[in-house]
Structures are given as C-alpha cells and as structure tokens.
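Next up, some structures in structure tokens.
Each of the next two complexes has subunit A plus one other chain: subunit B in the first, subunit C in the second.
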Partner chain A sequence: MNEQVREIGTQIKVTINGEEYTARRGSTVLEICEDNGIPIPTLCAHDDLKPAGICRICVVDINGGWNLETACTWEVHDPDTVITTHSPRIRRARRAILELLLAEHCGECYTCIRGGNCELEDLAEIYGVRDLRFEREDPRFEPDTSSVSIYRDMDKCIQCRRCVRACDELQAVGALGVFGRGPESRVDTFEGMSFDEAVCTNCGQCVAHCPTGALQEIDHTRAVWAAIEDPEKHVVVQTAPAIRAAIGEEFGLPPGTSVTGRMTTALRDLGFDRVFDTNFAADLTILEEGTELLLRLQAALVEGKDVKLPQITSCSPGWIKYIELFYPDLVDHLSTCKSPQQMFGALMKSFYAEEQGIDPEKMVTVSLMPCTAKKFEAQRPEMADSGHQDVDYVLTTREMAQMIKEAGIPFTQLKDSQYDEPFGDASGAALIFGATGGVMEAALRTAYEIVTGREVPFENLNITATRGFEGFKTGSIVLEDVLDEWSFLEGVELKFGIAHGLANAHEVMERLRRGEMDDVHFIEIMACPGGCLGGGGQPIPTTDVIRQARANAIYSEDEGLPIRKSHENPHVNYLYEHYLTDGPCGHRSHELLHTEYTPRGFRLKK
Partner chain B sequence: MGAQMVLGPYTPGAAIDAALKMKRSDVVVTVRESGLRGRGGAGFPTGTKWMLAAAATGDEKYVVCNADEGEPGTFKDRVLLSDHADLVFDGMAVCAYAIGARKGFVYLRGEYRYLLADLEATLERMREENRLGKSIAGKDGFDFDIEIRLGSGAYVCGEESALIESLEGRRGEPRIRPPFPVSAGYLGRPTAVNNVETFALASRIMEKGAEWFSEIGTDESAGYKLFSVSGDCENPGVYELPMGTSINELLTTVGAEDAVAVQVGGASGEMVTRDAFNRRLAFEDVATGGSVIVFGPERNLLDVLENFMDFFTDESCGQCTPCRLGIRRLLNGVRDLKKGALSADDLKMLRGLSKSVAISSKCGLGQSCDTPFASILDAHLKGVAQ
Partner chain C sequence: MKATAGVDWCEVVDALAEKHDRKPHALMGILQDLQMEYGHVCPDAQIEVALALGISPTHVSDVISFYHFLCSEPKGQYVVWLCQTISCDMADKDQIAKALSDELGISFGETTGDGLFTLEYTNCMGMCDQAPAMLVNDEVHVSLTPDSAREIIAGYRREGGLG
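Here is the complex of A and B:
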C-alpha cells in the first residue's frame, strides 16, 4: 500500500468553529460536519452521487483563506485544518446564492408537486427569505409533457445537475447534459429532443434525485380519482412488493417501517373496489420464468439447441428499454415473461373478469408501483393480451401517498387489513422481488426444489449470496441427487449473477458481449439502484441508508410469512389447475403471460 | 520593443542542450532558483510546479502549453508563437525532461488557427533535428513529442483544469481542485500546465542560467515580462520590461502621457488610476498576465465596466450558481447605473454581491470578477475620466 492510501482512514484532529473534532483522514468537510451535527446547507450534493461542488451553497472557510471552499468537495488530509462554517461572509455568500436561485426559479410552491419536500424551499425557509433583492426572471422554457413517464418543468431547475449525474453515474444512460454557457446554460436532453424522443429508459432516477419540482412523474392521479368516483367502474388496484416498505415514509414513519396492512386499508378506504397484491403475479412469474430457464437448459444441454444463455430477467421495464436501446442484438437473452405488473394486468381483464362476471370494458386496472418506467410499460402496444389495455393507470408511491393525504385518511392510525381474494396470500419469495437479488432468490427456492424435490440447502431458506447492494454479485448452487426427469442437470453447477442500477447492467452486458458470461445460466437485472425499493417512483429522498432500511423491512416480512416459496402459493396453483391448464410456459400462459421485445437501438440526430 | 531578452535571437536547441547537461532534478532546481513565476496570470512558482509534477507518481506524465490567450487585451503569446516558436517548444521539451513526460500538448486558441501550419512545420523540423522524438539530442530514454490541439473558443478553457477537460473531449469546465493538474491532470495523470511565455522563459533560463534571471525584477517577481499594451497610446504592441516596472514608466515608453487609468490584467484585472501610476507591475503589487489597456480622459469607464461584465456573463461556464447568475446581476447594475437608475443602496448591495461571487466561485473566472468591478467602479466614482 502506498503512503497516501494507508493514511486515508486514520483519525486526525480538526478544528471546526473553534471546537476540536476527530475525523477520518480523507473525509470531506461536509461528511465531518454531518457526523457531528453541524448544519451545512447543500443542493448539488447527494449521497448517491460524486461531489460536484457547483451549487456553491455549502461554502466554508478553510484555514482563513481569502476565498471560501465547498464543504462537499474539500477532503481533510491535514491534521491542523481549521474550518469555520459560519461567519458574516459565509452567511452573505450563501444567502446571495440562494436569492440568485430563487429569483430565476419560476413556480409557486403551493402548486408544485414537491411543495413541502423541496430542498430549495427548505433553504428559503431556513434563511428566512421573505423578499428578494433581485428582480425576478421571466420563464424561459415550455414544460415538456411528451414522455409518458416524466414531466419536465425546467423553469424550476436550479442546475444542480443531480439528474445529469444520476443518469450518467448510476444509470450509464447519459440522456441528459448541460448545454449553453453562462446564464443561457440549461439542463437538457442531447440535441434538445423532447423527452419521449430522447434515449431515455423512463427509469425515473433523475426524478428521484432532483431536489426541486423540475422533474416529476407524469400524473395519473386525476384519472384514477375519476375512475374511483365513477360508480359504473369496477376499479382494482395491485400493489408492488416494494411499496409497503416505503410508503410509510410519506407519512412521517421512519424508513423501513412495513405498512402492508395499513396500506391495504387505506386503498380500500380510498374507494378501490378490490385491493390485490402484485406478489401473486410475482409468484406466477417465478413459475413461468423458472420453467423457462429449465427449458432453456434442457434445450441447450440435452437437445444441443442454440438457445440464448444466460437467461436474463425481464421484470424491470427500465432495464427492458435499456437493453432494447443499447443492446438490441441481445434481447433474446431476456426471459419472455412479462413483468408481474403486466401478468397481473392480463389476468385481471381475462381470468378475474370471467370468474367474477364483470365486463372488462367496465374495469379499470390501476397499479401502485415504485417506478416511473411502469407507466411506460403499461402503455406499450403489445400489453393488451386481454383484448384491452391490460393496465390502465400506474401510480407511483408518491402519487398514491398524495391521494391518501388528499382523501383525509389517517394513514398511520389505520387498522391492518388483508388483500382481497382470489389473489390474497402471496409467498415471501414474491415479496423479496422488491429488493435487488430477490427475484434470483425466489427463483432458486423454486427451481432447486422442482429439480431436486428438496428445499434449497440454506438456513431458513435465506440465500444470503443473493442479498446486499454490491453492484454485481455472482454465485452458484450445485444440483445434486436430482429427480429422474431432470437427470440431465445432475451435478450441474447453476451459476447466477445479479446486477442493479443500469451502470452495473452496462458492465454486465459488456462482459456478456465479450463472452465472459458464457458459463452463467441466469442473471437478474433491475434498473434501479437497490432494486425496486430504490425505484424512481419511491419516496424522496432515497439513499443507501434508506434503501438498506427498506430492504430489511422486506426481508424480515418474508421471514414471518407462512408461505415462503412461489410454487406453494395456493392461488397460483389454482390458476394452473383451472385456467392456464397447460401449465407454466404452456400455450395459454404464452398468450397471456409472455411477451416479445422491440430491438430499438438508437441513432442520434445529426 | 523594450529589453529584447526573451524576444531576442535564439539558437534552436540551445535550451535542450543546456538542460541535458544537467540531471533532471537539477533542471528543476535551476528553474526554482531563477525565481520564475507563471506568466499566465496566477504567478505560481514554475520550479515548484515542476518539482511537484516530477515527484508525483504516474505511469505517464504530460506537459501542456496553455496557448489559449483569451484574456481581453493580450496578444503576447501570439507574438511568441509566430516569431519564437522554437523557444517555446524547447521550453516544453525541457519541462518534459525535468518531470519525465513523454507527451506534450499545445492548446492553441481557436482564433490562432492560422498559425497552425507554421507551428506544425516547426515541430516537423524539430523532429528532423532530433529535438523531438526518440532519444532527443542523443539522450537515451528521453522521448518526447508535441501535439497541437485547437481550442474550443471559450475563454474559460484557458483555465488549466477546464483546458484539460477540453483536451479529454468534454465540455470545457473547471474541475474541483484539489487535486491539481500536477498530481491528477490529463487522463488523471500528473500534468504540468504552463503559459506560452513561461516555457519561453524556461528556455532562456536554461540558456543563460538562473542568476541571470533572478537578478532582474523584484525580490518576489524575477525576470522580464511581456506586456501587451493596447488602448489610448501612441505605440501599442508587445513590450518586454523587467518585472517591477512602474505604470508611469510603462506609459512613458508607450507614449501615453495623458492616460487617466489603465486596466492591468485584462477583464479580470485591476483598474489603476493616475494617482496610483507609481504602482509597480509585479505579482506583489499590480499583477498581470500581460494585458495592459490604457484609457485616456475621453473614455467612459462605465462602458468599460459594462463591457467586461458582459464578457464575464457570457463566458461563465455556468456550473457555479454565483458566477452563472451573480455576474449578470452586476452587469444589469452597471447598466442601471449608466441610466442613472441605481440607488445608493442598490450599489452597496451589488458591491457586496460582487464580493460574495468572488469568494464563493469555483474557478478564477468567477473569483476575479470583483477586481474589475470594484476597481473600475471606484475609478468611475473618483471621476478621473468622463
């Protein structure tokens, strides 16, 4: 180890505002202040992103230099560093920065989706800004409503570039950039395209990282209110696994509070006719996707056919659009399974409508998702296998929370209730879909048992190799003493990989292209960091600490559930006995539950 | 014009030959002892920069010649490159030898494209003469070559870290510093960025020795300096004068006896009025990268200030809030003042804003806005000109 590396991490003493503190050498002034409860205002800083030092609001005095330095970028290496975080010139500089931003910020907080949860508004409050010394600027932009997922109102943009950096650093998409110089500079898509034309995956990480209301989801609440309030309509809602571990945050509960029972009560109180659990469809996905994998393995190992391996999961619509855009020639690696949302949607207006004797025309299917890309997925033209648009509206966690608040439902005080039949209990395996690695763990619990007749050989069914937030994890499980019909898998070491966040997906796909994934059988990819629990539609803020808390909630709820394996979900088995009678990956299921992809590719305009 | 020490005759290769007679570390010591400070404006000691770059670890190191010359009123680098390119390129080779670099770039101001063919020809000749290429001047293991890149036309690209971003093919925006280019520059590797004139002087120091240089000028500002003089004077042009020359002396030399104010250091520099013309052109007094603009009694200094603030507003790269949005407010203020529509309170507020912008901006562009703003405003209020 060289000198510098060894030194980073040692403890040093620094002086802040005249007091001595101990800090880890190499940490930033901002980190040290946060650890010690010293308030520093920030706007362009975000725990998920590399420091940029551009908004300049966090300026502090280092060793009494003539100018100020940004706390977010200044690493403390020198043990004698003397830091001042408040002084007249610091206050004046910060206030100038804030007022300059506010003077060109066009928008009224009370009509803004981020009103009450806006970092700019918070600072205006802290600094007691009552009037501005600078004349207000006129709006420069038209709102961009072209995307089916994301709404842009750049007159609210403060150019912190968190969206640009999220799209770049976390998602490796690079849909956004900075154009123009000086006061003309702006955050925009490449070549100034509208958002729907831009090379964008609709993942919503830009929205989730925006400190203001400049980026938001396309609103579906108005349409859902209309449906709920229409007595002619039978309105059903399905809720994704990652919501229950996060929506409580919108009501002031600490991250990681599981609120499944209160959420179902709230949705019923809101007026949904049925409240279903997407987890049912997640269990279904496991049976379909697990079977598909075994069939691919059989085709490859026994029949010597040229099938694409590794098989890659297809539950995450941001990931799907990413591969369609960036790796159009590799879409055959994708499982043909629809996502749980879309499997559920297809069954809703077919199986469910038939069983209940409801006219599908009179049904409105809503899904509550942690995701903005789900809004895109729902309106893909092929997602209409029931003969109707399978999923009509998609609400993000944030939108749903707003509706609950608007209705005046005392969320935190609600009594627990159950999901409605016939899709009531789902397995814990389905629940963990909400975390990165969850699909893999669920699939292994089922596939291993199908092949060997025994449970996965891990304590409490918890497959720890699939858990945690490492960007790309790999693991394997050896199939031994298999059942006769799977004899071709005897002794096979089933290799799997798990990636989350599209920047990691990019790495995986580059390695796959180089042939470095040839020995891997199955890969799970989720578009968002942490998986769905860190989705672009989740409560803001989302950081690693918050993701971990949500993951803990999901895993502990799984442990407490009576059913832990997808193939033991009685409703799924009922469905195969009575409706999809030719079994997983059979003809019926192919019609309703599987899909195909659009190798989009992209060409930049020139 | 002036001393003709830097701009005088030069035998191509002399600096390299002199340097190669020394150990690498002694080249650095010589430059340190000469007292040479960077001629791009900031005046950082060149020997120290080279010492840091030499000591930094990196599988490759780079030498970059900053020929972006974007500061309004300066054209001395253009003169050096058109008439004394050998001196500049030899200085780059000396630096490469000293720090252990094998590759150099000249970042040439876009408007100087017309010099490109001649400069390329000079490089080609140097390659033929083995002053570039492998085992330069017969020195085993000393390989170095130079590539010329055209700048993107933005003033801020002259800021060394923005220049490096631009070299790497990105939008030219200043980086977070530290780390400085000497430890993490081009492609994250140790990089010595110096001004054109700095390299030319390094060559002269190799040729004539550290003492020759350090004896000229002042204690803190050694040697000769090139000044680009423009504005209301009889003989505008590039002058070579010792550091520490007073503004009075310079004005006499250029024929500007009736000057009421001079802007030293371009748009980012300081305005000095007649009552202070005994001040010296040196890092410790009125610092300059070389631009001196002379104003006679007929000038409206608010026009000058408006011009500079307009320049800054447009040239801000836009990444930091205070620079992006603050300088435009200063510009608007100057315009209001010209119309007589600025209250004393507003003026006071703007002076405060200007200080805030300067202390809170990321790079030298935003950081220097208060120098012209405050000094030109003061000059105007003193009523020295129209």
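Here is the complex of A and C:
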C-alpha cells in the first residue's frame, strides 16, 4: 500500500498564506481552511454531499503550481504543502467565474424566494459586483409548476449539481441529471419530463440543497392568506413536531432553540382561528400503528396467517411514494395507518366539526410541516375520508416564517402560549416523531406497556438504541412476564430497525428483498436524512451539525413534558371513548385513519 | 439497422449486460451496441439499461445527451456529421454547411421528410489536415468544397433510393 494512503489521518504540518497549521492528513484544503477560520468561497460544496469540484469558485494555489486547484477536492497528503488562498491571480480567477455565473443567471433577487438567503447573491455581495461584465443571457426556460410540491425555475440554476447529488447520494432516486453539453447543458429529468410526471418522491431534498432560488416549494401562502382574511372561514392550523425546533432559525435564533410557545402565539396573531398540535395525531398514530403491529404478530404467531412482517412505518409521504415507485410489490409491508397530518385532517372535518357544530364546508385546514412531500400527500385523491379534502393547504417551515415576517410579528419577543383544546396536550413520545428513531421509540414505550403492563425498562424512558444519525440502526427488546391476553408474546425478542434518508431506505429494502429482514418485526423509515427535523421544507441550510442541534431540542423538550407516553394522552383516550368507540384499528378508525397505497412502478406508461 | 417496434428491451439489454457486465462501468459499451444495432437508444431501452446496471434512467439519458454519436430518437438512414471545430471552421465550413442545407432542404439538427438524411454538427474527428471534413454514417469525406459536398449527398441519395 502506498505510504501516503496508509498514513491518512495522521497529523501533518501545512503552510497556508505563510502561516503553519496542523492538519489531518487526507483532509481537503477546504476542510483545513474551514477548521482554521480561513474563508474560501464555495458553491457546489455542501457538508452533506461528496466533494465534486464543479463550480471552481473555491480555487487556491497549491505549491505555486501552474493551475489553480479546487480547495473542496484537493486532499492534502504531502506534509510540506504550501497553500495560498488569496493573491491577485486567485481573486481575478474567482471573480471571472462569478461574473460568468451571473451572466447565465436570470432572476431578480427582490422577487426571489431565496432573496437574502442565496449563496450566489452572498458571493456577489462579497465580491462587490456592482455591474455585469458579461451581458446577461436571455432566459432559456419556462418555469415548471407542474408538481404539487416543487417549483423549478431553471434560469436561476448555476449547475452546481447539488440537487442532482442530493437526489442521488442522499435519496437514491436519481430524478435529476445534467443534459446536453456546453452552453446547452441544463439540469433536467429523464426525457425532460415535467416534475409531476418524473420519478420523484417530492421529498424536497433538492430544494434544501440548492444554493439559489432555482428550486423552491410550490407556494401555498397566498391561499392561506386568502383563507385567513375570509371572515366566513374557520381556519385551523396543525403544527408538526419538527417545526418548533427549527423555525427559530428563520428569525436569527441559533439552531436547536425550541420555540413552541412563541410559535403558537405567532400563529394566533397571524389570524388562525385555532392552533392545534399535530402531536395529538402522532399519539393517535402510535395507538393505531402499535395495535396494528400486535395484530400482525398475533396473526403470524398464533393464527399462522401469512401477514407481512416486518411492518414498516407510513408517516413519511416521501418514503411512501418511494416504495410505491421502486418496490411496488412490497407495499403490503407498510402500516395502513395514515400519517399524523392526514389523521388530524380527517378528524378535523369530522369529529371536530361535529363537536363544535361547524360546517366542514366552511373549514379550512392548514398544516405546518417541515416537508414538501406533505403537499403531495394532502392532495392524494384518497385523502378525503371526512367527505372533503382532509388537509387543504400545507405550509413549509420556510413559508410560515415568511408569513410571520410579512405580518410584522416580532417573533423572538413573543410571549409563550399553549395550543388550543381539544387537541392541546400531547405526549413527549409524539414530539420525538420529529427525529429519526422517534416513531420507534414512541411505539416501543406504548407497545411494551400494553403487552407487559410495565414501563419500558430504560432509564427515564429514554430508549437510546433508537437515537442517533447512523444510517440504519437495529435493536431489540425482550417481552417478558407479559399480561395474560398477550401470552403468545412471552419471551419474544421484538426486533426493530430504523432508517432515514432514502438511500438508507434503499439498502433496507434490498436486504428485505433478499430475505435478510425476515426476523425483524418493525421498521421505521423516514425519507429525509435525520428524519423530519431534516425535512425538505426546513430552514436552509440544514447540515449534520444543525440536525443534531434540532434533535437535542426535541429530546430535551420530551424529557420535560408531563406526559411521555402516547397511550396516556387524555385527548386520545377521550376520542376512543366518544368517537372511535370500537377502539384502535376498529371499524370507525379504519374508515378515517387508515389508507391504502398505489403500486406505481417506474417503467414508462405505454 | 434493426427496427425497434415490438422489441423486448428487457431481453435485448439482458444479453448485452451479460456480454459487457452488470455494473455501471458497462454503460458506454451497452449504449454503443444499442446505437449501432438500432440507430438510437429509445427511452424504454434506457430504462432497461438502468435496471440492469443498478443506476437511474436519468443518468442513462444524461450520458446519451452528452455524446453526439448517441441519441434517443431515430435519425435518418444517413447521418451527415459536419465538423465544426477550429481547423474545419477556418477552412470555410460555413460554405459547406450552407451547401448541405440547401441540397437537403433542412437545417442542422433536422431530418429530411423521406427519412433518408439527418444533418448534424460534430466536434473534431482528427481530419484537421484535410479540412473541411464530414462523416456520413461511418465514412469520412475530406477536403470538401460546396460542389463535392453536394455530389457526395447525391451519391448517397442514389444508393439509399435503390436500397
């Protein structure tokens, strides 16, 4: 083996701009500079993605070489490397690259959704670009508004390929590619399909990784303003667990600041008639999905029926579309439970409308989600079990923050307030749905207790095996001294798996297909890296450091809540006593809270 | 060139994957074989290639779009590739382009109504010393003049008309 390669990871000395620094052998110049606070401009680099060296804005001088090299891809192996990050030549090269990019970029910053949070705009600012050296090219594209989730304006694209790489590396979907060459090249889909026809899961990771406004969510803010301003309408909003740990970032608060109370106040100030917590429906999901699992186990172990195990979670609409597209023959593994958003929506226009005596026709249900795929899910034709479209509009975290700013609400200074009843309190178990592993942890807290009559045997109810950002985690819990009615589970080792990011989901499904998951009972899959807290609708940027901070906020809020287990949520119990009277997975709940899937496949339709 | 109607692409691609390999590195070989046999690689075939190699159909078509000599839609029986790179450009390739366009009654990128000819540009094919040059299918023609270009086309027209 080459000596240099063997020594990767050892400490070496390098010289940067005449100063000596210690660095890890094998790190890139960009990493070393970032660690030491030396600024290097980047566009195609992103912490989540492999270095690609595409945009060349990061060029530096290595050992006075003939060519400038890209800092994001140049790995330092030689202990005597001399790096220069600023010189007249470097400045001119970077400036020329930037000017060429700007000539191709058609867009007006003040009408752009990313105005103020655009990496290209930032660079133009840093480089003091006040006029354009090269004439601006004519627009080449029509915006693509076909998708219910993602809006494409390719005239703003700088071809950094972060979307392409996110869709490949993180999501294993491969919806996007670069077509043509030279000045003709463009980011596009297979056969130039519109986004609604393309093989795309609507997850929004491409949007979350785009440095410019070329990719955005489809706007629902205008429709929501109109609903709020219409006195005839009763407008309710539900907020997903992952929002409260992230929306503060849009107002300058550090990642990981929990702003639950300020958020509910802001939503009320904005004009929503009721502010509810999606967590209520997450607790309901746990009871439905946990019961479904126990029923499947009973069918398999006692009745010897051919039910599909492992059961796989169904909360994440990007994941649902992924399995429908890529593993259409395996959709029976999915839990039939709707996602919390859709359970909530179905109950709003049925149970809530009846209890409050409100005409469902006059209700508008909005949900605040960290997710672009939720916009797709809300519009699936089957999501109308209340007799109306259950969820009318879905706002991403970013859209909601923009509305709060537009309304002039001083978010950071707001006083805390509570959610509205009857869907106010929810458990900590529901809150942790926002992080990868959270659904599993919540389900275990409840299922274990249903079966044994005792709390899960973990300190403070924290099931640490379900936590953390490893791509695929497995674990197990042994069911002992079970209650009489569950005697068939005595001594059973309940095995679970947890995956997040569709590339990891892909691995899990391939293993499942090979029969390597036959001994696993329950798998949680979330489409986005980190789970919902890293969703495609969350504040930009999202990186591992930021995901971790958001996760910490969620887990510490869980620890502080009086109710930590879904089955102890009093509102859920009220619902089962008064409305869904035949209990979890009963007839009524099947009508409202469960769904079916569409095996799509991705071969072209003939 | 074989017709594509009714072809079972799954079967065809499977045989090619057997020949070349079932890994992404076999992509170019498989695409070249398909292009050679059928004159283009249709979207259905691209999907089967993607499935066989474990990559996304988007990346198969993205590769095809990069190379002049691969295409996803059928072209004419004769594809005329005029070199557009510097040496040919300086040797008056524009004159040749005009002659070809006039003779065929189409612009570059188009196919004649009878399906006989497609007119395309290509980048350097190494004939710089005998510029301007063009390729018709896999036959090279060099030191072109507007007249010789017209004659060459007429020759293929006769051949194609007979065949």
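By our rule, the second predicted complex is superposed on the first by the 597 of 606 C-alpha atoms of A that agree within 3 Å, B and C clash if a C-alpha of one lies under 4 Å from a C-alpha of the other, contacts with A are read in each partner's own complex, and residues count from 1 in each chain.
The definition used in the following text is that a residue touches a chain if its C-beta (ideal position, glycine included) is under 8 Å from a C-beta of that chain, and two chains touch if they have at least 3 such contacts.
From a predicted model like this one, the values you see are computed outputs, not experimental measurements.
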For A:Val173, using the defined touch cut-off, is the partner it touches subunit B, subunit C, both, or neither? Pick first, second, both or neither. second
Figure out whether A:Ile16 sits in contact with subunit B (first) or subunit C (second), or with both, or with neither. neither
Thinking of the overlay built on chain A, is A:Leu575 touched by subunit B (first), by subunit C (second), by both, or by neither? neither
Would you check which partner chain A:Thr189 touches, where first means subunit B only, second means subunit C only, and both and neither mean what they say? second
Could you figure out whether subunit B or subunit C reaches more residues of subunit A? B
Name the contact category of A:Arg181: first (subunit B only), second (subunit C only), both, or neither. both
Touched partner set for A:Ala93, first subunit B, second subunit C, both or neither: first
Could you pull out which residues of subunit A sit against subunit B in one structure and against subunit C in the other? 177-178, 180-181
Subunit A partner, complex, touching residues on subunit B are 57, 154, 171, 176, 178, 313-322, 324-326, 328-329, 332, 349, 352-353, 355-362, 367
Residues of subunit A that touch subunit B when the two form their complex: 2, 51-57, 59, 66-68, 70, 73, 75, 89, 92-94, 96-97, 100-101, 103-104, 133-135, 158-159, 161, 177-178, 180-185
In the complex with subunit C, residue positions of subunit A that touch it: 168, 173-181, 189-191, 199, 602-604
So in the complex, the part of subunit C that touches subunit A is made up of which residues? 43-44, 46-47, 55-59, 61-62, 65-66, 72
